[in-house]
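Two complexes come next, and they have one chain in common, subunit A, joined by subunit B in the first and subunit C in the second.
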Partner chain A sequence: MTLGIFSLTCCEGCQFELLNFYDDFAHVLNFYDILNFSLAQEENLPGPFDVALVEGTPETREELKLLKGIRKQSKILVTLGTCAHLGGIQAQRNFKESEVKGKRKVLPVSKVVDIDYAITGCPINREEAYQTLVDIYHGREPYQINYPVCFECRHNQVKCLLKEGKPCLGSITRGGCNAICTTNGFVCLGCRGPVEQTNLYKIKEMLKKYLTDKEINQRLEIYGEFVDNIIKEGDRH
Partner chain B sequence: MVKRLSLDNISKFYALVAAEYTVYSPSQKGGLVSLEPKKYFDRYSLFKFQTIMPPKKVLLENVYDLESNPKEQKLAFFGIHLCDVKAIATMDRIFAKDPFYRAKRDDSLIVATGCQPTESCFCHVFGANKHQGFDLFIQEEHDGMFTVFAKSAKGVELLQKSKGKILMSASYQPIGQNQNEIDLSELTDAVENRRLFEQHWQGIANNCFGCGACTAVCPLCFCFDTIDRTDPEGGNCHRSRTDDACFFANFSKISNHDFRPENVDRLYNWYHHKFVRGPKENGDFLCVGCGRCITACPANLNIIRILSAIDNVFDRATN
Partner chain C sequence: MRKRVPKIEGHALFYLHLKSGRIKDARIVGLNGERFTEGLVRGRHFEDAPVITSRICGICPTIHNLTSIRAIEEAMEVKVSPQTKTLRRLMLYGQLIQSHALHLYLLVLPDYLGVDNAFLLQKEHPEHWQKAVNLKKVGDKIIEVFAGRATHPISSVVGGFTNYPQKEKLYELLKMVSLAKEDALLMLRLFNSLVFLRLNRPSNYLALSSPASYEIYDAKIKSSQGQVFSAHNHKQFVKEIIRPYTRTKFGLFEGKEFMVGAIARINISFKKLEPEVLKELDDLKISTPLTSPFQNIIAQAVEVYNFCLVTEKEIMKLIDAGIKTEFPDFKTKPGTGVGACEAPRGTLYHQYSIDNNGKIIDCDIVTPTVQNLPSLEHDIKLLYPQIKDLPEEEQMRKIEMLVRAYDPCITCATQ
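And now, the complex of A and B:
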């Protein structure tokens, strides 16, 4: 099958993560011909692709055009990383209307074109990305973890940081990173986006003990549009 | 057989066990105590407080390839508490036909010890504080000596090899009781009657993340998912078994229909399995009152308070 790997506006960390251990990445080449990957190769073709991976958010007119072109050229489009999936760091601009005047809203890839699957995380878990590609190659629905970070965190037998009064977002965040942050003593910042059914109201209530409303909202901004209403409308209770 | 051993001889006894078995024992790791493989006795081996994870962490490990032959293992659990021993007995019934469980459990050795109940413990409610189900039990006496009880042939054989004076009679010190009381007589009926308490369950679910942290640490939660995967390296497909829990949305999804669509359905199911289906299908509650789910819950939910409240509401509703 043919593969294209594209980057829009972002730090390009997810692409680098794909290449981080080249021997592992090389396994993907058993299944795919990479026609376009400008970070890693010089000769790139415009398509068509069986699968396209897209990271980042479209910020300029050229990028919007590029993205729509990729969609037309690809049978399956998979977003790579949190920027493409939910908007990522740059989408926090959307919550600061008063500070950033006259700027267009940051749109995640899924708001501009239809997407087929999302590999989430900032950066992604490369194993998950390889597995997704291999699953797609075999015509299988990619396996996506749909439980919160807490489950992996408890399995790793470490202290619960939230219980110690640290603002951890693991309980509402999709796992699959093997709770890498909390296992190493850092709170989860929610980089993998919300798990399918979350209890945002409860986490807000819990964080109120340690943070101001403004600080809580700032932490939740990483979830992008998903938390829009909750941040703007305030609490249900 | 019962013997009286000094601390020094207990440590030698540990080495004796370790010569034959891979010994899992409470070990200090990053300020917490967890069950880890350990060759030598240390001051955590007979730790009086709970390990974060129960022995199921070892006995029910994920299986990478379900079509492979399970490897027979000789494992020993040294220094586990009576609640965990009872949980293993229940698991033995549930996983009696599971070759991967049996390969780890059949030749295993259980060396239990006394404990210090915490405010989250309520084992006596389920009779999980009884001295039974182990091969050996090590009891610390007030004079710093240890009484070792051997209950099984395996246990006797090992204890015979150890130094120490044989005692003609010895008795177990009861495990300290906790204040937590739950009336079990009506619990199954009360939990089964979801409609009567819909609001109550909803109230709990509103405060629950559905994160499954409680299920991860529970000695009697054993849900798993079966996944087919192609390994990227060789392109071979294999079927594997991996941790899962009834708290997760995908768990009850079959052919795109979710049989438990809301968190309240899943939370209720957890209690229903432990306190209704457990006794009906396995002859025992799927809870031994270890309190780990309380310690683990990031939302600070408390099973003791939840069960007592249900009991109370049920009392009021039916009397």
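And now, the complex of A and C:
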């Protein structure tokens, strides 16, 4: 099958994460021919692709055009990372009134074109990305985890940070990262987006003990449109 | 003549303005969109700054994380323990090793061996491929052991660390580093044997410099023309200007172009390299000053070898002394602070002003690529007469090679 890997505006950390242990990535190459990957190769083709991976958010006119072109050229479009999924750190400016006003809103990839799957996280969990690619190759539906980070945090036998008085978003965030932040003693900031059945009201109640309303909102906005992505009761099919 | 440059961090194209066979102007145009990182952190709590700024760059997140932490600590007058400083230095060594190894093998080497990309390198030159993998892995592993994750570190926060590695991890790491230093030595010899284009162009080189050691974390900034200044004065010397054709800024030192990065560090701190490295450089007949931008490639290879040796020694010391578990302990205080550290691509400055409640009022970031861009544009002009008789495709390839030698990071430069 053919693969295109594209980067819009972002830190490109997800691409590097894909390459992080070259050997594993080289294994994925047994399944795919890479036709476009401008980070790593000189000759890049415009398509068509069986699968396209897209990271980042479209910020410039050229990037919007590129993204729409990728959609036309690809059978399956998979977003890579938090920027493409929630808007990423740059999407904080969607919520700022004064600081960076006058600038266009940041749009996650799914608000511009239809997407087939999303690999989430800032940065992505590379194992999950490889698994998704292999699943697609074999015609399987990629498995998406639907339990909160808390589940994995408990599994790693980490003391609950929320109980220690640290405002952690692990309970409403989709797992699959193996609770890497909380295991390293740092609170979850929700980079993987909300898990289904998120009770936003309840978590806000709990965080009020440590933070002001403004701080709670800022925390939920750090990776972009977390709240917008919460699936409400009745929306699910 | 214009062409998009693949195989660099971020997206950029170069543009040459030619008039009757002579070069009039050369431009580097960044294509990444702006994210306005400096504006994003304003109004937020200082603890968010290291998290957000590390997302400026996917290849050098560690340095943004640490420089921002240092600046905030300066602003609030937070003192950290010697152990914290050691661990942070180790993170930086890991950062330099992984970034250089990735740049040298994945982005640079294919040009000189005449293959299209690094994946073909694996098929056609498996011996180089394996070394690349080993060195990249060891760089990532160092950061992972001390900060939890290589891309966007986790446990490194204002005041210290939130988590510490177990002793077994240190032994594992020591073993990896000891093996990698052999690879690093072979890599240095390999890159020294490559044939580069010739471009003799002495410049003013800027890097952190300390009398005692090859310092990249905490020192004054020195220029090869003799000026010395401390980080909080940087705005008097390094100024950012805007040019209408690109979203990236341009940095000038007292109005003139200059160079930062591995080549600058080697030129400034050559004598402070490890004795083993100096001996090897003597054998290879490499001496300072390095004056061609293409020698930045060799300088990076030298640094990888040097930092593998330093890391090995430091980890042995850590194992002997044992790691104490100490958690950040400080009071929020208003103030303004600047941090300057050596990123893989050169000196990085972060400046923050913080108010009584720990909110960031102001933020300013000067990245290394911004400081190198004027010099890069100038060098394209200097290189052109040498290559003007080649077919156009060849010319573009040579210019791309020059751009890659500078190791620009357009995502950082646009941020």
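Here, the second predicted complex is superposed on the first by the 222 of 237 C-alpha atoms of A that agree within 3 Å, B and C clash if a C-alpha of one lies under 4 Å from a C-alpha of the other, contacts with A are read in each partner's own complex, and residues count from 1 in each chain.
Keep this in mind: a residue touches a chain if its C-beta (ideal position, glycine included) is under 8 Å from a C-beta of that chain, and two chains touch if they have at least 3 such contacts.
This structure is a prediction, so every number in the text was calculated from the model and none was measured.
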{"item": "First, second, both or neither for A:159, with subunit B first and subunit C second", "value": "first"}
{"item": "Partner chain in contact with A:199 - subunit B first, subunit C second, else both or neither", "value": "first"}
{"item": "A:8 touches, of subunit B and subunit C: first, second, both or neither?", "value": "second"}
{"item": "Residues of subunit A touched, compared between subunit B and subunit C (which is higher)", "value": "C"}
{"item": "Touched partner set for A:150, first subunit B, second subunit C, both or neither", "value": "first"}
{"item": "Partner chain(s) touched by A:172 [first = subunit B, second = subunit C, both, neither]", "value": "first"}
{"item": "Subunit B versus subunit C as contact partner of A:17, first or second or both or neither", "value": "second"}
{"item": "Contacting residues of subunit B [partner subunit A, same complex]", "value": "29-32, 34, 52-53, 57, 206-213, 215-217, 227-233, 235, 237, 243-245, 247-250, 262-263, 296, 298-300"}
{"item": "Touching residues (chain side subunit A, partner subunit B) in the complex", "value": "24, 27-28, 30-31, 130-131, 133-135, 137-138, 140, 143, 146-148, 150-151, 153-155, 157-160, 162-163, 168, 170-172, 196-199, 201-203, 206"}
{"item": "Contact footprint of subunit A on subunit C as seen in their complex", "value": "4, 6-7, 9-11, 31-37, 39-40, 42-45, 48, 51-52, 55-59, 61, 102, 106-107, 110, 116-119, 122, 129, 132-133, 136-137, 140, 147-152, 154-155, 157, 161-163, 411, 414"}
{"item": "Touch list for subunit A against partner subunit C, complex", "value": "7-17, 19-23, 26, 29, 34, 37-44, 57-60, 62-63, 88-90, 92-93, 96, 99-100, 103, 122-123, 180-181, 183-186, 189, 215, 218, 222"}
